[in-house]
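Have a look at this one before I ask anything.
The first chain written gets the first letter, and so on, giving A, B and C; residue counts start at 1 in each chain.
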Amino acid sequence: MGTVQSFRALCDRPKNTNVRISLPAVCFVWQIAMIILFGVFIRYNPESDAHWQDYRKQNNISSNIENDFYYRYPSFQDVHVMIFVGFGFLMTFLKRYSFGAVGFNFLVAAFAIQWALLMQGWFHSLDYTDGKIKIGVENLINADFCAASCLIAYGAVLGKVSPVQLLVMTLFEVTLYAVEEYIILNLIHAKDAGGSMVIHTFGAYFGLTISWMLYRPNLDQSSRLQGSVYHSDVFAMIGTLFLWMFWPSFNSAISEHGDGQHRAAINTYLSLAASVLTAAAISSVCQKHGKLDMVHIQNSTLAGGVAVGTAAEFMLMPYGSLIVGFCCGIISTLGYVFLTPLLEKHLKIHDTCGIHNLHAMPGVLGGIVGAVTAACATDSVYSAEGLTAMFNPNGYFESVIPSKQGGLQAAGLCVALCFGVGGGIIVGFILRLPIWGDPADENCYDDETYWEVPEDEESIPPILQYNNHMRNKDLIQFQHGAAQSIDLDLD
Amino acid sequence: MGTVQSFRALCDRPKNTNVRISLPAVCFVWQIAMIILFGVFIRYNPESDAHWQDYRKQNNISSNIENDFYYRYPSFQDVHVMIFVGFGFLMTFLKRYSFGAVGFNFLVAAFAIQWALLMQGWFHSLDYTDGKIKIGVENLINADFCAASCLIAYGAVLGKVSPVQLLVMTLFEVTLYAVEEYIILNLIHAKDAGGSMVIHTFGAYFGLTISWMLYRPNLDQSSRLQGSVYHSDVFAMIGTLFLWMFWPSFNSAISEHGDGQHRAAINTYLSLAASVLTAAAISSVCQKHGKLDMVHIQNSTLAGGVAVGTAAEFMLMPYGSLIVGFCCGIISTLGYVFLTPLLEKHLKIHDTCGIHNLHAMPGVLGGIVGAVTAACATDSVYSAEGLTAMFNPNGYFESVIPSKQGGLQAAGLCVALCFGVGGGIIVGFILRLPIWGDPADENCYDDETYWEVPEDEESIPPILQYNNHMRNKDLIQFQHGAAQSIDLDLD
Amino acid sequence: MGTVQSFRALCDRPKNTNVRISLPAVCFVWQIAMIILFGVFIRYNPESDAHWQDYRKQNNISSNIENDFYYRYPSFQDVHVMIFVGFGFLMTFLKRYSFGAVGFNFLVAAFAIQWALLMQGWFHSLDYTDGKIKIGVENLINADFCAASCLIAYGAVLGKVSPVQLLVMTLFEVTLYAVEEYIILNLIHAKDAGGSMVIHTFGAYFGLTISWMLYRPNLDQSSRLQGSVYHSDVFAMIGTLFLWMFWPSFNSAISEHGDGQHRAAINTYLSLAASVLTAAAISSVCQKHGKLDMVHIQNSTLAGGVAVGTAAEFMLMPYGSLIVGFCCGIISTLGYVFLTPLLEKHLKIHDTCGIHNLHAMPGVLGGIVGAVTAACATDSVYSAEGLTAMFNPNGYFESVIPSKQGGLQAAGLCVALCFGVGGGIIVGFILRLPIWGDPADENCYDDETYWEVPEDEESIPPILQYNNHMRNKDLIQFQHGAAQSIDLDLD
């Protein structure tokens, strides 16, 4: 910790948040790099290439509707909405950080999907005959998944980092994600259709570790901006609802054609429904007057979707899905009430959006549920063919031994955790360098730092307009003063 | 009426809106009951079960794309958006009830879909060989439909009930819905793809009757909160537009594969387009200066979708759809202008969202349109095979006699009306019990009652912040006083 | 120009914005005309008609899933969201014109799609055996495309026209669109799947020309309402994101089944992602402190989707798509910074939403990209069959000569430009007639003119409520006065 401390001291210089050179430079360099790498490596796969009609004839595919596009495109679009509107608006809850929430979310995701297409392509879609990555709609979905992981991590540091920091973080996270995904899915042969482990556990622990590395002891200087206002909470519900509604598509998007996608959608639908009821119940019981807290409704209602990710395509059974959602709604809400303050106080992890409660804990739980469900798989429940199709689609093993598969799932969970924490420490060090234009403690959670914010003439009363150069404490004193003077007038 | 009066007196005790025990208790008990009942009764159907590949071979199904999932899942997701974002945001128009609108909508729908899967399953999807309900994507759509019916009823009592009351109301309404649906669709053999009768007429009259049972003579005490503000009207337009755009999916979601779904989508698209023009026309002509009223644009533009529900899959013809939309846009808007005030004044039915204009009247009209269109069906228009596929898919009758089918449709409409009004009276009695934590008259339409509402520092001027313990009349007096004192200063 | 000047003088009479007679009259006349014309001309096509089962047998179609509905309906719904939520909310950025933005957008689009079904039907879907237009899901998509063109034009005149003017403009624009589309696609045989030329270039130049014809030299009288406020910018991001996310569906909605739709979606996805990074980069570099401007993020991020429209289904290659997006993000953002002020100052074209930067320039670029890509097509890249399927699907030519196709594409672009500018001049003259109820210069960008606007009690401080009959300059003076008086009290 001594090294960390001295490193911190080194980094605590006056902040310069002018990103006029660094942000455009990073965007241009990376976008040009993407163009070059795409030019060298990326081509259409047989289903999106103009030779598709030839391919159909050669492979005896009866109809255009058998193109993977028609199996997966509706789910892809739902996932796309989750990434850009869902995550983006979920983070607009802060009173003066809506531009940053939805705008940086947009920027990060647009970069992540490009880099993910390359990184994931090298691992999963490389055609060894010509050394090219061949992409189709499934690659687009996987790229969106990888972006989701980056946006989860963004949730932990929301309002405390610069856009340049975010892009650097994204570059490394996508790289790590592709490696971790390859290890879990292709080397360990764990299954993770909805990404409880690969996306949520990894992304959340990565983000939390970075938040720990970037801990700001004096963040209370911007505490006046850490809450929500009425309208910002309604905006956040747009994000919540689009995530909630389309989560069945998320968990089923890359499942097996046919029953796999069908079952994953049903399981997720049920788990999410159960989460809503238990999240509301715990939210009410934890408040003195039984009032509901928007933070819990915005976040904990989604926990069921995270936790059912790995097991969504398994024969979890409808009641199993409900149980998963039931437990996660409780755990996640209790996390917001009790754990988040403890994490900040004792572990010095400040978690703006509470991703520990929404992604980390439910993700780990989802990994465990997946391991148990896989270990309990039987021939009678799955049918012999179904069991092979589920756990051994590419013939990795001679035969499927469910208990062994359960062990592989558990191993996958450990890999995700290690990559999250380990990667977070390394990338956190890089992000602490004082060159990325991060905001000073008193400018956190404030769109003014990185955005041209319109003068909000309507909602600022005239007295304040006259004095809008005053800030913070001066302002409050002035308010009290003004009110007193008027009080006197009334006498 | 004497009994009702004395019962009312009994119920008019001081209100306790603390739901800290009752809300969590209801949520937990019901969610646990759901888990147990799902465990006993609900399994995957052949298209979502891991035995699907076996099933395919046995039934000679050529491809995975023939799984019902691919026919219906895109429509299901659109319906899902309508239920959670559409209905939720449509109700956010009140200035301080957006949390309640979108949050309780979420809670009610999440509970309704679970209980509906069971209730509808017993009637429609019970496999008599093993006593299990077998669910697939069509069940999810039907559960969402049932939730729609509950949310329509919520529209009538929006802002005037507690979340516990809502959940109790939903429990009973789902139960009644499943019975009513079974009678109309399976016993009477009426057709109702888009639910003009089953969903809208039933839901609306159920809600209106409950609103009548819960009539509050002194509701003007919260009249200051009954209107909208600028931003809340824009939020409500999100709901309106998602309902409007996805209504073609709603009406076609469970139609017959092929031309049935295709035609239902076209008819609904056209009917809705016509509604927009006539709603705008009547809205303008009814105002002194020809200005448009947001309430009409938010609601009456949707009436065409309601009214074309039953007949959507029939050969209504494109111009027929336009005529339905044309009439409904007019009727619904006139309802808002003239009928809603009368209903409240003379029948003591207070209808917060105006569901009588959006769902009740267009629903009844839709039932009539359906009956007429069915009665006019001919072999030449439908083809012999088409007529059988439409009106006699399961061979209920020896041959299809259109005029008889018209009568069955009319009978179905009557059943929906009777269930709505009758069920509403019974459930209304239950909801009047003084144990559900409903708000006092002066606390209606106020999120403060059941939600932790953030201090809205930005939009409250400093003078009010200093005095934010003052309420209502005191506040207004104070405002005048303050303004006067400043006026004096200006002299 | 002399004639234009005297005509202008003629039109500059005191404005009467009461549309109580004209708006309902126009809506009713046109809706009734639609019903009559639909009754005479429009019927279901074989895929949406009840004879579909007969048709299937006759044409040996193996399954219901081969119905075009299942190929195109998910894309159609995405396009539908773009038209109504995407365009509607994109225009809500003005502080007091959100009702007009989203409401008139709704009205215009609902009318445009009906008239487009007829106009496009006569040109493209007329069944010469019975003189009827036969419609299916592809017609609905094309009608939505035509509505998009009208809404682009609306962007140029947003806040400066009356709803009656808008409806008249839409009537003419749809008519011109159908003719222009027929010339480009059917006579010239250019390809334009995503409508860079047919939709965007035409719509944008049509709108800009009308804005020039309706130029208001004294528009600075409503300059206080020309900006955004914090929340209106967040609402606009809803529009931006739904446009951005669903643009792949827009460009692929009417592409060829199979690889055509698949490839168009991939190309658009990539081009849009690249636009986001370059738009953000240029936005930051053009501001003194490197801050991002919401106007650029809301609009220029979409330019890549416009510019890849024509070439989306071609073998543009993934890197080609990135290059298109890269360039358009730059050009569009630079347009907002430098060109828009010049256009207004020197050419007297006031462009409220900056459609010149978002639709006109990227649209022209898209046409050029399409021409170049078509001219470079080779047998080896497309396969012989693919080349024919792409450029000669109906056997217009004996053989496909790519360089000639490139020329045809360029000719198509010229036609779109001519129709846009020429049509705009003619329709602009009509719209200058002083009978359409357009607002006075000082009432532009103000919802009060055509909407019942709720009293915004919460965000108006009490002092202003007391004085809410004061307006504009009086108000500002009063504010200063009040603040001064309080300042004195504090001394």
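By our rule, a residue touches a chain if its C-beta (ideal position, glycine included) is under 8 Å from a C-beta of that chain, and two chains touch if they have at least 3 such contacts.
As the structure is a prediction and not an experimental result, all values here were calculated from the model.
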item	value
Proportion of interface numbers common to chain B and chain C (over half same, under half different)	different
For chain A placed onto chain B, the superposition rotation in degrees, Cα atoms, nearest 5	120
Length of the line joining the C-alpha centres of chain B and chain C, rounded to whole Å	32
Multi-partner residues of chain A (at least 2 other chains)	62, 65, 70, 74, 231, 238, 456, 459, 461, 463, 482, 486, 489
Residue numbers on chain A that touch chain B, as the complex places them	62, 65-66, 70-71, 74-75, 78, 95, 224, 227-231, 233-234, 237-238, 241-242, 244-246, 248-249, 257-259, 261-263, 265-266, 269-270, 272-274, 276-278, 280-282, 284-285, 287-294, 297, 301, 315, 317-319, 322-323, 326, 381-383, 385-387, 389-390, 456, 459-461, 463-464, 478-480, 482-483, 486, 489-490
Chain B residues touching chain A - in the complex, by the definition given at the top	18-21, 23-24, 27-28, 30-32, 34-36, 38-39, 42-44, 47-54, 56, 62-65, 67-70, 73-74, 77, 80-81, 84-85, 88-89, 92, 96, 98-99, 102-103, 106-107, 110-111, 113-114, 117, 135-137, 140, 163, 231, 235, 238, 450-459, 461-463, 465-467, 478, 481-482, 485-486, 488-489
